[in-house]
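Below: a set of structures, written as structure tokens.
Each of the next two complexes has chain A plus one more chain, namely chain B in the first and chain C in the second.
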Partner chain A sequence: MISIENTEQNSILTVIFVVDDILFGLDAGIIQEVVQVKKITPVRQAPPYIAGVMNLRGRVVTVIDLGTRLEMQQVEINDQCRILIVEWKQEYIGVLVNSVSEVIQVEKSDIKSSPGNVKGVQQMFISGVFKRLDQTHACLLDIDKLLDPESRENEKDRVE
Partner chain B sequence: MQDSLLNDFLVECREHLEGIESDLLAIEESGKNVDSELVNKVFRAAHSIKGGAAFFNLSQIKVLAHRTETVLDMIRSGKLQVSPEIINILLNSFDTLRSMINNPDEMDSVDISSQVGALQEIVDNSVTEKERGSFNRSTRLADLSGTCSVNVPEIDVKTAEKEFQYIYLIEYDLLHDIEMAGKSSLMMLNSLSRMGIIVDTLFDIEGVGTLDDEPVNSIVVKLIYRTVVEPDLIETAVEAGHEKIVCIYNPHSKKEKTDDTNADTQKTETFNDAGNDDKGGEAHTANLSQAGSSSVEGRSKNPVTVTETVRINVEALDTLMTHAGELVLSRNQLIDAISRNDQKALKTSAQRLNFVISELQEAVMQTRLQPIGNVFNKFPRMVRDLSKTLNKELHLNIEGKDVELDKTIIEGLSDPLTHMVRNAADHGIESQSERTKKGKPAAGTITLKAFHEAGHVNIELSDDGKGIDSEKIADKAFSMGLITEEKLRGMTDYDKTSLIFLPGLSTAEKVSETSGRGVGMDVVKNNLDRLGGKVSIQSAIGKGTVFNIKLPLTLAIIPSLIIHEEQERFAIPQVNVIELLRIPSVQIKDRLQIVGDTEVVVVRGELIPIVRFADLLGIPKTYIDPNTGNVEIDRRSRVADRRSKRRSIDGRMDVVSAEIEQRRTGKDRRVRAASDVNIVIVSSGLLQYGLVVDNMRNTEEIVVKPLGTHFKKMQEYAGATIMGDGGVALIIDATGLALKAGITSVSAAKNKGNIADLSGSEGEHSLLIFENTPGECCALLLELVLRIEQIAANQVEYKGGIRSMQYRGKSLPLVQLSDAANAGDVPLEKELVVIVTRVSNREIGLLGLMPVSVEERNFIVDTTIHRQPGICGSMIFDEKTVMMIDVFEIIDKVYPEWKTEKKRDERNVGTTVLLAEDSEFFREQVTKYLNDGGYNVIATSDGMEAWEKLQEHKNEVKLVVTDIEMPVMTGLELCKKIRTDKTFSSLPVIALTSLAGDEDREKGLAVGITDYQVKFDRDRLNEGIKRLLS
Partner chain C sequence: MNLFSKIKIGKRLMLSFAMLCVFTIAIIAVTISGLVDVTKQVNLNARNSELLLTSQDVSVYAHKIGELLAVITITNDKNQREMYKSKIGKIRLAYRSLLDSLQKQVASEEEKVLLKAVVDVITGVQVSTDQAIALADSGLLDNARSLFSEKAVVELEKITENAENFVAFQKKQILNLESKVKKTVVSLSRLVIFLGVLLVAFSIIMSTLTTRSITRPLAEIGSKIVAVADGNIASDISQELLSRSDEVGTIGKCVQNLISNLKNSIVNLTSGMKDIANSTGELQSIATTLNKETAGLKQRATTVAASTEEMSANTHSVASGMDETSNSISSVAAATEEMNATISDIAQNAEKARSVSAEAMKQGETIVDVVKKLGISAKDINTVTETITSISAQTNLLALNATIEAARAGAAGKGFAVVANEIKTLAEQTSTATGDIKAKINGIQTATEKAIADIQQITGVIKDVGDIVNGIATAIEEQSTVTKDIAANISQATDGVKDANVRIRETAKVSNEAARDISIMKNGFDGIVEVTGQVNYSTEQIVNASGKIKSIVEQFKV
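== the complex of A and B ==
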């Protein structure tokens, strides 16, 4: 197991997960825990990217469907699905993904800015791209933009 | 000095200050007859603050509190006459004290000179020459041995003399006597204050030494203490340890002295002269500021953050402890039961746990409860000040100060209530001259009332001012683009008044002048919403305004009704639930109706709009296909359609629905086609509406959890909760849902409570209200209405002098009020409604304007003022004149041939009909209709009169037409009487009804009613009679 202490500042411990067959990564430091999907209560009339709310040990936690949020395929609930619990602005928020694959150290120098042909929301939410050992690419996500309820609306305004 | 001690002191000061305003005002009110107990109370508060401040070296507070105390002492002793000016200065001083206490870090920068000066002036002006100065001068007193002597303010010596009190010099060692003995300085001060008065506190600064010296092992504080406790008891009284107590003044010994010396010589004995005194004073303050600055330094290093505290009485804590103990016992029981796998024991311990936890919950809640007086108490002062600045005479009545609420709610209430009271005084109450002109008492009254009602607390703020002009508010809201004209039209006065809560409307500066009320009312509402409160307004122009705020006792745990919709669970707070209805499938067609485009449910004769909960939230309805067993999406849109045959307004089966029904019989795909309908009637403010839900479960106490940031903008939910099985259920926000559903209060009018004198009224009827031209309100009895269609102006065709429109493939003739009456033409550029009715077996449309509403109410028709062809009378609804339309007269005028056509085959001319009807208006109408049909009419006003007339005209009367509800003898009783009499046993009796239920019909048939007819439908009534007579 890699402990955070013995790594220098020049690498980031990253959780790698899959949404709609694409690999994404989030800084492990902000993820409190990864839980299996139990019951998600839908919240009607809420924005479409919200999967619902769940009970996390007595706390009501908002669950975001990352697939819908990234304007990709909605995450279909199955045994592989996981919810990443993120603490964001003093609030716990669950990020629903298709599956979690691994936790790795990513050298900061390996992170490249996202290619220019990534457009729209994805470009907005992706802060960088890096290459994994098996030469596949994964996109690092910007959690602040991802979770900010206003961000997509702003983006749309800008585009229009 | 320790911060925690200082903190305790500050908290205590705040408590002292809390009640002071109202006390001072009461003192002002009482004028000459000063309530000495009250003055004493305020005096003691000032005194305690002074004492503590001196102890903690808070020189500014001490000085100000001391001056205040002096003035109060003079009031107490009757030397000073209370006047509003003095009270003003005192209030002001206490304000400054409060602000210093609230910001202890900045207290030294507060300028108190003006208050001190003002207080000094009071003293100077009222004290006689001889006494003047005794407040500032001090007397040097020494103990008998003369080893220690101190300066004591002369006034205290005099008081001591007068009241036979002793003055002691008590020396405490802070380190040994207090800290080490486990006492706190504050406790010590308090216990002393109970028995006497601490005149002054002196620190022995030199005694402490400097940092270079040996570590000190004592900090000496000297207290000058005035009390009645005698020297031999004083040691026990102050719980003496190692304190040194020296008696420096003994009233008895003095008295003995004064026995042989006169007052003047006594004065010479005392150690003072003006020059000395000044210096002494300076030296004293210098001392203080020195000590003060050192303590200030200490503080600024660790700034005093005043932590919030709650005072709990020990009893409550004990209760908590007992419950905690019981909880432990229950846990042990539970563990035991689980290990033994004993079902019965498990059940018992679950019960016990349930009991203990609810007790515990209650006890914890108790500790958080505070009397609402804490908030209310600041208003007398505010209203008094407002009364001065606004130059209006204002009275404030406060009721229900003792009502208790959760601490957080109490705190949150302060701002909105302040705002509302200020608004009431500023905008609500008229100027004095205006009031006298209107014949109102010159003094405006504002009443603030708190009371319990059904598990929540109500706060009512009422004034007798000019009220709120709902129309002006509505105009303003419209002109500012905050509301659409369309919405506005469907609104009642109540809805319109409530518009002042719209954000944007009330914050606009101008509105306060035109509307008369409501700067920042949106902020008020938001604040109250956050507390779970609901605010509603009722206002009568010229009479006043009443704001009602409903608040929960606590925000943390609320009883809620759990409902199920498909697989999802929701909680509706019990405070919003009025009643639960389960409408059996057989009654659906009678009780669920469609008015305009809204579905309504009839509850005890009242129409309540209903909303399908699942549709509103977009929960897909599913059903299990009986053929495939798959879950399918249900596409039925209306409850009435969905469930069973739909009855349209006139009571006949809607053709289309009936066809659908036919198609479906035999092979009905709908599994729940004939199932019952569950409706939860909820309220938010005065608004009531029904939520149609799948399933109602039990009521549970739920713990409210906030929803995340992503849901902040959603108005549907008030929060979430975690259910017993660990799942999450959302809590419904009744007000938000109503807004979302666009429900305006159809039935709000009846809540107005102004059902004044109903004697002589026409009974309760459903009326369709619409407009002929904007503002020209018309009413038509709902029984006459087949359908209402909303059409565009261009659908109206005008050909060959006949107005008509295309309707269901046919041409529908259209008439309007101006065709018969002297009224304006319906403007064709607006949105139109066509009220479809049936006359002489023909459908015909009456043109009108939106908004259309249905009101079920009692009314009195005036048949004189507005009577003209097409209008049979007028009534006053909510201070508006509404004209009652006689649609038959209009049609007779436009299509006279229809009437003659009918007349021709009239073979019953001359037949006599007996009519019993208590309402004069209806009696005249029905008589006219019967006359139109060619009958002679004997009209009577109740069953008894009808019976008598029937005896008289035995042979002529061929038929009886009777109303059901009548005084003296009802229609049913009359019918019974007729049936039991042999002479009349076969006489046909027609009962007149409004929308009668099946139940009523059955009752009628049981006593022998031959037929039922709708009161106001001329043609059908005449046809019915003809059928019975032939």
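== the complex of A and C ==
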């Protein structure tokens, strides 16, 4: 997996996006591109967080509803919605979000570990929190845990 | 160059490196094989030197045996002879081992022949030496000495000669090999230098070609985007760049699509603006015509008023004259005639006023049509601005992806990241401009609605004027009948004058009515003039609004 890290400046290029009115961030290095939502075909008997599959220039891409995945409000499809195309384990996976706001450099020293009072599913998927220029906070997501179907099962076991 | 543009950038770089590696490996292989060759020849030389030394030793041993044999054949001392015999035996053993080692090392046929000659002579000398020793042992020293001097000395000298022949041959071989090694080293170093120069030249050409095939088209795309940011979208990206099938070609195609979409939208917007300008011009000319016509109408109403006043005065003078004499009836007749003429004037003017107000109503309807068209044109522009909004959203997404792509390229993508940021700024500017246009179009639509309401008010007023004019016409007809009666009654005598007096009073009453009607009509005309002024003001507002939109559109050079 490629990681775009500027070793001189010690910062990570991060794509900032919104899910259910909350700001999240993902390392731009793992994102192949950002596309507008076209036709998503539902898949029967798939887990609830799989929104379906889409056609990306002749390639079949599985689309994950990040809202459902994070146990938040399901992403409602409109003009603002975007799909982040991520390359994960030699496979293209689409991550459906409410909107994409910008791409920024985040200093590594600015990334704090997630606060202890965040529990449950979100605590599992969040690798850190950082403050943006306008003083709002955004959560950095761990793509490996997010896309691994087993982490979901483990979480269920733990809750039980 | 064309072949280059068909290959993806990564593969292109891999290809160059692979070719350079193959070149380098070839040079190393050539060098190693040359060195192996040289090492072989040097080893051969070492062997030859050893052979040389060994054969020199053989020669030395032959001399020693000669010396020892000479002493044996001379001395009578048995002990001394035994000692020398054992010495000879030791020397023989020594050079037998030397010859064995020589035979093992000898390789070429020529060397074998030379060595065989040495060995043959040595065997011969061994036999004659043994004979000489046997003779000496049996006491025949003289015989032994003669055998030694006749046979053994000659044969020993032969050994030396043969050994020297062998040495000379080996010396020649060594010299040959040395010159061969020198030649090999010179040719090898030349070959390596030649290949090295070839490698440097090849790597310079490959790196130049590869770098130029990437940076040139990127620079062109960059300059096009900067031109678009400055508002110049007239120039297109070259066909050569668009036909490329690598990543740079893809970016070029995206930017070209963006430029042509923007161009189409601005052309549509410009034609919509022209429609508005035409409609507004028509509206203004209609309003001006209406204003002029109303002024004419007003003037005519003034004329009617003057005539009515005159008529009133005449009627009064008739009334005063009626009481005096019957011979003033003739003057009454004249006055009546004059009055008749005036009434026909009034009738004519009333007819004109009616036709003018009908015309004004018709023009009012045309204005409403034109203004409605203006409203539709404004709505058309709204659909164009929606297209521009969607283009700016797509541009924003393109800029986002370009930023990610530039970051992926590392340090090389830094320049392109700046370009991507420029695209993002451009998309935001487009969005702001579209918002401005939307607001202006809303202004136009509000102004259009107001203009329609104003014009409908105008047509209402004109209708009122028409009604009033119809009233005047009826009154004039009545007057006409009355004056005819007067004329008929004038021929009757003085008793008719009284009757006429009554009618004249009636006439005075009717003319007063006419004067009042005319003043109402004048007020109506003032209303029309005011309303047309308002129409003019509204059209000026439309012209201002469309001028602002035009200046926004002109920021783009199509």
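Note that the second predicted complex is superposed on the first by the 152 of 160 C-alpha atoms of A that agree within 3 Å, B and C clash if a C-alpha of one lies under 4 Å from a C-alpha of the other, contacts with A are read in each partner's own complex, and residues count from 1 in each chain.
By definition in this document, a residue touches a chain if its C-beta (ideal position, glycine included) is under 8 Å from a C-beta of that chain, and two chains touch if they have at least 3 such contacts.
Note that the structure is predicted; figures quoted are calculated from it, not measured.
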So, A:D79: does it touch chain B (first), chain C (second), both, or neither?
second
For A:I111 in the superposed arrangement: first (chain B), second (chain C), both or neither?
neither
Is A:L70 in contact with chain B, with chain C, with both, or with neither (first, second, both, neither)?
neither
Looking at A:I31 after the superposition, I want to know if it touches chain B, chain C, both of them or none. Which is it: first, second, both, neither?
second
Larger contact residue set on chain A - chain B or chain C
B
Is A:L140 in contact with chain B, with chain C, with both, or with neither (first, second, both, neither)?
neither
Look at A:V19 in the shared chain and tell me whether it touches chain B only, chain C only, both, or neither; answer first, second, both or neither.
neither
Where on chain A do chain B and chain C both make contact?
none
Residues of chain B that touch chain A when the two form their complex
568-569, 617-619, 705-714, 716-717, 720-722, 726-730, 740
Please name which positions on chain C make contact with chain A in the complex.
393-394, 397, 400-401, 403-405, 407-408, 410
Where on chain A is chain B touching in the complex?
38-39, 41-47, 50, 52-55, 58-62, 64, 89, 91, 93, 149
Touching residues of chain A toward chain C in the complex: what are they?
2, 4, 13, 15, 28-29, 31-36, 79, 82, 100, 102-103
